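Let me give you the structure first, and then I'll get to my questions.
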Amino acid sequence: MKDLRILVTGGTIDKVHDPRTEGLSFSPDGATHLPEMLRIARCHFPVVQLLMLKDSLYFDDADRASIAKAVEDAPEPCVVITHGTGTMGETARFLAPLVGDKTVVLTGAMRPFSLYASDGEFNLGGAVVAAQMLAPGVWGVMNGRVFAAEALNKNVEQGRFDA
Amino acid sequence: MKDLRILVTGGTIDKVHDPRTEGLSFSPDGATHLPEMLRIARCHFPVVQLLMLKDSLYFDDADRASIAKAVEDAPEPCVVITHGTGTMGETARFLAPLVGDKTVVLTGAMRPFSLYASDGEFNLGGAVVAAQMLAPGVWGVMNGRVFAAEALNKNVEQGRFDA
Amino acid sequence: MKDLRILVTGGTIDKVHDPRTEGLSFSPDGATHLPEMLRIARCHFPVVQLLMLKDSLYFDDADRASIAKAVEDAPEPCVVITHGTGTMGETARFLAPLVGDKTVVLTGAMRPFSLYASDGEFNLGGAVVAAQMLAPGVWGVMNGRVFAAEALNKNVEQGRFDA
Amino acid sequence: MKDLRILVTGGTIDKVHDPRTEGLSFSPDGATHLPEMLRIARCHFPVVQLLMLKDSLYFDDADRASIAKAVEDAPEPCVVITHGTGTMGETARFLAPLVGDKTVVLTGAMRPFSLYASDGEFNLGGAVVAAQMLAPGVWGVMNGRVFAAEALNKNVEQGRFDA
């Protein structure tokens, strides 16, 4: 059983409903839902590290460099990154040449965990398992499929990640 | 991307609250929650087959033989079996010599999907991904871990499947 | 026990998460959640009538006139109106001189029913009960309080309706 | 606006799923869900007092006497009592001659709040509103209806409280 770290960067999976704007934002207290998701999943072993809470549409290269640095600094061989769906593929391809012999799996959700009936738990469950099984490199796990970094793209029309 | 079938046999993952007895039972209409779980997960490709809805504590060898037959009859190379946690390991070991070159992954939940805050979606997400990646044989995926058939056992004290 | 009709006009209580925009909108199929809410509440007797699905910020006098007409046409003495929180008070005051000897109660939610952890069920439960008990006229029931039409105003800062 | 106290006595509304027995019980930590229910309902004004957490099928006259004492001691004129559905009517009739000029409303749920899709929030919303409007005496509010103490009885066949 390999040790595993979850790096939290934000994205829809961690958003909450803001009753003032009727839109989605992050918790005003800057918290992530990952510990709660793991508690419900009865999955006790991952280390959770909150790196940032950002919508990935607003990621720039400095954000991606800080993710690469966190992967490099992780003592575990397996890293799951929770990430917005908007630019998940871009980040995967940015990280691909930088992760050495680590296995990195990006995941996220089309609907926030905090709204229930979310794809977040299903995606996270797949990512945690895949990160322990896949070869070193950068991958995405979404909606029941494993994607190589170069093939990780949202199907905007269907509202999911697809082969 | 490999084709995948989900065989439903019952177990806690598919149970519902019965307001008359205050216990858990299966839907009086004999339905499974798997199609709803996959819809929420935005995971459109598995074929769902309802084999039975039973508590695995009451499985006998005839039940397990019918599961083995359904695995054998499945045209897909990858099969996920939803199963009660009580005797998941026994079924895994019963099936192990019988599945040929198919990859079979058992999964389930400690808390029913219909009660929300369930580990079912997380476990199912892991099982669907693992079934596409693992070698032929029988495996279990629960609570973020992959188990070989011989090591698949519930930790009753902790209320989860554990290394 | 008095007969009761629920007139659905839209508002946050009936909104759903739109994964494309990450905002809230109404179901593309034009459906209301009220029948599902009543089923969960085990409250079988109200008649549900879908009048429109609109954000009350965009209501004009023609919309309010059609609500007044629906109240007038209702054969039941008690009418609950589900309504957006943004202009609930305006509609109450518009209707007040027009409802004759009917008891009309406006209600809604700060968070959509479809996102769970909503105030919608609690508010609806209060409105259904209050509509059977209050004197003829127009009232609002939100967040555990009954308001006369002239005192029905959202506390935007606190995110609730308040004394 | 009248001050209101909620006396918690247990019942299905406050039960949780026990994964070891697959039955329902109360939280091992002895906590009630009422504060969480009120937070979700954005209903900030009731005082919550945890009296006991018991299945009302096991209530005896000493339990009911302690409820009567708590009603008597309450400084507020309006009291909501959360209570099991099994003997809600018995407790109502026990309390009826003992409550003086207080308005007391019993409520509860057929399905626990912690299992979601519960009638608990709807019932609580009705009870909180009714307690502020009804005449002194003992009443029940369940599933959208107000019942006098003598008419408060569960319809076991339909799984609800009914006229």
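Letters are used for the chains, namely A, B, C and D, taken in the order the chains are written, and counting of residues starts over at 1 for each.
Everything that follows uses one rule, which is that contacts are C-beta pairs under 8 Å (C-beta built on N, C-alpha and C of every residue); 3 or more make two chains touch, one makes a residue touch a chain.
No experiment lies behind these values; they were computed from the predicted model shown.
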Farthest chain (mean CA position) relative to chain B: C
Rotational angle, Cα trace of chain A fitted to chain D, multiple of 5°: 180
Inter-centroid spacing, chain C versus chain B (mean Cα positions, whole Å): 42
Distance from the mean Cα position of chain D to that of chain B, given in whole angstrom: 38
Geometric centre distance via CA averages, chain D-chain C, whole Å: 25
Touching two or more other chains - residues of chain D: 110, 116-117, 159
Pairs of chains found to touch, sorted by chain label: A-B, A-C, B-D, C-D
Chain C - residues contacting chain A, complex: 12, 15, 17, 19-20, 22-24, 110-112, 114-117, 156, 159
Contact footprint of chain A on chain B as seen in their complex: 1, 37-38, 40-46, 110, 116-119, 121-130, 132-134, 141, 143-146, 159-160, 163
